[in-house]
Amino acid sequence: MANTEFGYVRNFEQWDPLPPSNWIVVRIDGRGFTKLCKKYDFQKPNDRRALDLMNAAAAEVLSQFVDVVLAYGQSDEYSFIFHESTALFDRRASKLATSVATAFTAEYCMRWTEAFPDSPLERPFPTFDGRCVAYPKRKVLRDYLSWRQADCHINNLYNTTFWSMVLKGGLSTTEAEQALKGTVSSDKNEILFSRYGINYNNEPLIYRKGTVVYRSYDAELGTNGEESRGKPADLTSKTQLKKEKKRKRKAKIALEHVDIIGETFWETHPYVLGSSTGKDSGE
Amino acid sequence: MANTEFGYVRNFEQWDPLPPSNWIVVRIDGRGFTKLCKKYDFQKPNDRRALDLMNAAAAEVLSQFVDVVLAYGQSDEYSFIFHESTALFDRRASKLATSVATAFTAEYCMRWTEAFPDSPLERPFPTFDGRCVAYPKRKVLRDYLSWRQADCHINNLYNTTFWSMVLKGGLSTTEAEQALKGTVSSDKNEILFSRYGINYNNEPLIYRKGTVVYRSYDAELGTNGEESRGKPADLTSKTQLKKEKKRKRKAKIALEHVDIIGETFWETHPYVLGSSTGKDSGE
Amino acid sequence: MANTEFGYVRNFEQWDPLPPSNWIVVRIDGRGFTKLCKKYDFQKPNDRRALDLMNAAAAEVLSQFVDVVLAYGQSDEYSFIFHESTALFDRRASKLATSVATAFTAEYCMRWTEAFPDSPLERPFPTFDGRCVAYPKRKVLRDYLSWRQADCHINNLYNTTFWSMVLKGGLSTTEAEQALKGTVSSDKNEILFSRYGINYNNEPLIYRKGTVVYRSYDAELGTNGEESRGKPADLTSKTQLKKEKKRKRKAKIALEHVDIIGETFWETHPYVLGSSTGKDSGE
Amino acid sequence: MANTEFGYVRNFEQWDPLPPSNWIVVRIDGRGFTKLCKKYDFQKPNDRRALDLMNAAAAEVLSQFVDVVLAYGQSDEYSFIFHESTALFDRRASKLATSVATAFTAEYCMRWTEAFPDSPLERPFPTFDGRCVAYPKRKVLRDYLSWRQADCHINNLYNTTFWSMVLKGGLSTTEAEQALKGTVSSDKNEILFSRYGINYNNEPLIYRKGTVVYRSYDAELGTNGEESRGKPADLTSKTQLKKEKKRKRKAKIALEHVDIIGETFWETHPYVLGSSTGKDSGE
């Protein structure tokens, strides 16, 4: 039963590295979460416990994958950004996507009881599919994140209005859907305010902005406000690389519900998409 | 905050369908299981509880993915075979790999306490990476499965001998490694028998052959022994497709520790790699 | 000016091998041939000189690439079939597509004057784009070839009718187009016969069937009619491989205008898609 | 003979677009040019007629493909740079590689007699393979071009020395090879100067630097030295796009033998890698 005769089957495996010098986004999405929301009776339009669970799982992913510089999540999706210089798994797409997706899933399932103590998890357990996307430039990556956050806003405004109509206004879901057809943002803001006394801008940030998770080095800032470690020295030696890895492991993992479309977040945290080598990456 | 301005970022996502008329193997592998084995003190050379846990997780994957016709597992790996005609997720590689890997991981983690009641699971939780491989012909797929089962045999014979030397023979791991360098199968069989009174062929099949999980229709055979449903009629109508899906869902999921290199298994279960449409697939 | 500093750019090149055990089709298509037909005043509905030129170029490609077992051409396209076992260029898609397309283009341009002695070729010279497609099974490859030949028939019947209406019937191209809208094959046959006295089935085979080019070993058949070399012995040694290559180089390159949708062609030339190693390829 | 039954084979064709916002390099290489050089007795170390032929073919490619902003060639290779924003052929790799390679090949073969009036071209005609590589950032693209030009220098210095030893020094090729083993640039410069009186820096630029071909707008500069059209206005309307295309077609195609590793060339021709839309591309 020698193995050599069959070994040729290995040649069918495709080598799937993502191109160098691209930011890698691993986005995961809940599979069949519409059904899951109903089954476990998630609150509408947003279930805080469910979002907290998503965020906790994302934080755990960051602590396991030191090359993730930032993650952004909303609803049942999360995007993990690997630095453009990452060499993790030789940048192989399938390894990256499955490793992140399974780490997230494991944490989500195992922590479920904490989030929903009265609703024990039943089979089929929640799972997440995932995919890798390569973004060649910082600006394009920023636009990707803006796209997801704009999507969060659009959906949340719609859902908040829709469920106000249903839960407070007594409309059927069909009636609410009909009523909202063709409305623009200002219409929905107006409906919320005039009919239900809701000022959308006072809604919790976690619902309106989603959640940003990042490896924070803010605490390391020197007393004079200078950033002490955000721009690390050139990493040429192995010792330096080890130090850098240790630094990442030690970094605090911050969760915030802030705007990432504008410049403020990025200007106050320049190291997040900063060069990991201290060298100009060519942009 | 309109989304249209950023929507172009979608174009960076690659469309990754696997080619039609190819058998799709999703193979998952435990990440960092060497460390995990030590941490939870797995028995050597095989930990039956760990294998049972793997097998239970695999069975759950089969029950969730009706297009998986067979799975084969050994050690910390499992290969799931999707029928060459599957249209699941439009055959997209990343969806298939992540969906299977997360379903397996969720089950593995959630069922852990059953398998290891005295060793509560700690972070980082066990995870599995995964990848898709497309095999163009039944024969090549069979060779893939033979490759994995031959690998199981080779590793298990080595490990059984190695750990006998260490645990029964009192050798250090380094000494055992040295002693086994250059030995062939017959040498190891001889060492096992002469030194430790072990007839390798009497070792449990689960260790020597690994585990085959498949959707079994054997019970459906007519009283006269004829196979009644293994070769379903041509599926042209939607009704037929629904019936077929229902039939798959109802099928018993069988776990066996049998040889799949020879012809016997395949001859006695011709429907496993049979045409799902009743049409000749062109081989 | 050392090169080491820039060498990293090599890592951006993608490794693009086509999967093993798949038939590789390189299909080339004339670029901008509608314009070219007008410029050089090609005869309608078919220009025999242009087709002969295509066929001559295809024959040259076969003589240069010994792993091409058959080619099929019609109009301004040609499909070259590489044996499923070919190892040419490590099966890299871009090398295969560009090598075939440039060899075809060179021959087409250089031989132009022979075909069109009164119309010297002007810039931009004719060129062909190309692509590789992998077909996992003989049957699927056969269906691919049937698809192209059925396409030849459909287009030629249409064009023959259309140009009869225009050239013989005096209709404008717009009128002919309108008149043919919604017609089926039998309608077109009827128009040809009743209006223009053309029995479509008597039209030249080259227009109705296209052209099949293959490496023919028919002449090598023994006097008793037995095929002497169509099924070569198992090729394990280098000597054998060299012999095989020599045999291919010596084979006559046959051009025929025959049906390849039915079984006859394939039954009378079993070696064309035969196993190159004498081993069963797994189908 | 309806075509619908076979149409499914189209699904095997892979969709192969290169990712957006990446510079696309199509590099072509002469196939079997070592043999060709001998056959047609190319002069050593450089054959000016052969290089001129390469350059003429490259210029023709630029005139046909308006989205090529620059090409760089040396020896029997040429790299064509498509602007990162090109939408040609929907950025499909196989279409781009084959279209460029066949256009180059056609020109090379058809113009051969002009370059080598006494050596008529024989079969097999010269051909070129090709491949696409995507470069995510201007800096990486610049490094790619530097890599090729540094390669030109290294090879030319070696070849100039080697052939001086053989042709002027009377060494055999084996002796020359041995003598040059382990030498560095300064050694070769010294050998050239002391033994053969050759100051390498006085060798023709075309041999030392290769050839840069680009779409030049230099003549369009206003009288006051201001660049009038290098940074076109934002192209939003179809009219604008047409104008832009026309402008490209009218541009002079310049051939120069200059350094492109340093900044000078790029600073004096900023439009070459400039934004085609006038918008910041995100770098």
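Order as written gives the chain letters A, B, C and D; numbering starts at 1 within each chain.
Here is the rule we use: a contact is a pair of C-beta atoms (placed from the backbone, for glycine too) under 8 Å apart; a residue touches a chain by one contact, two chains touch by 3 or more.
Remember, it's a predicted structure, so these values are computed and weren't measured experimentally.
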| item | value |
| --- | --- |
| Farthest chain relative to chain C (centres taken as mean CA coordinates) | A |
| Comparison of A-C and C-D by number of C-beta pairs in contact, larger one | C-D |
| Chain A-chain C separation of Cα centroids, rounded to whole Å | 50 |
| Centroid spacing, where centroids are CA-atom means, of chain A and chain D in whole angstrom | 43 |
| Between chain C and chain D, centroid-to-centroid distance (C-alpha), Å | 31 |
| Per-residue overlap in chain A, given as positions that touch at least 2 other chains | 8, 12, 14, 19, 21, 134, 140 |
| Complex interface listing, chain C residues touching chain D | 1-3, 5-10, 12-14, 16, 28, 31, 60, 64, 89, 93-95, 97-99, 101-107, 109-110, 121, 123-135, 140, 143-144, 146-147, 150-151, 153-154, 185, 261 |
| Contacting residues of chain A [partner chain D, same complex] | 19, 21-22, 134, 136-140, 280-283 |
| Contacting residues of chain C [partner chain A, same complex] | 8, 11-12, 14-15, 19-21 |
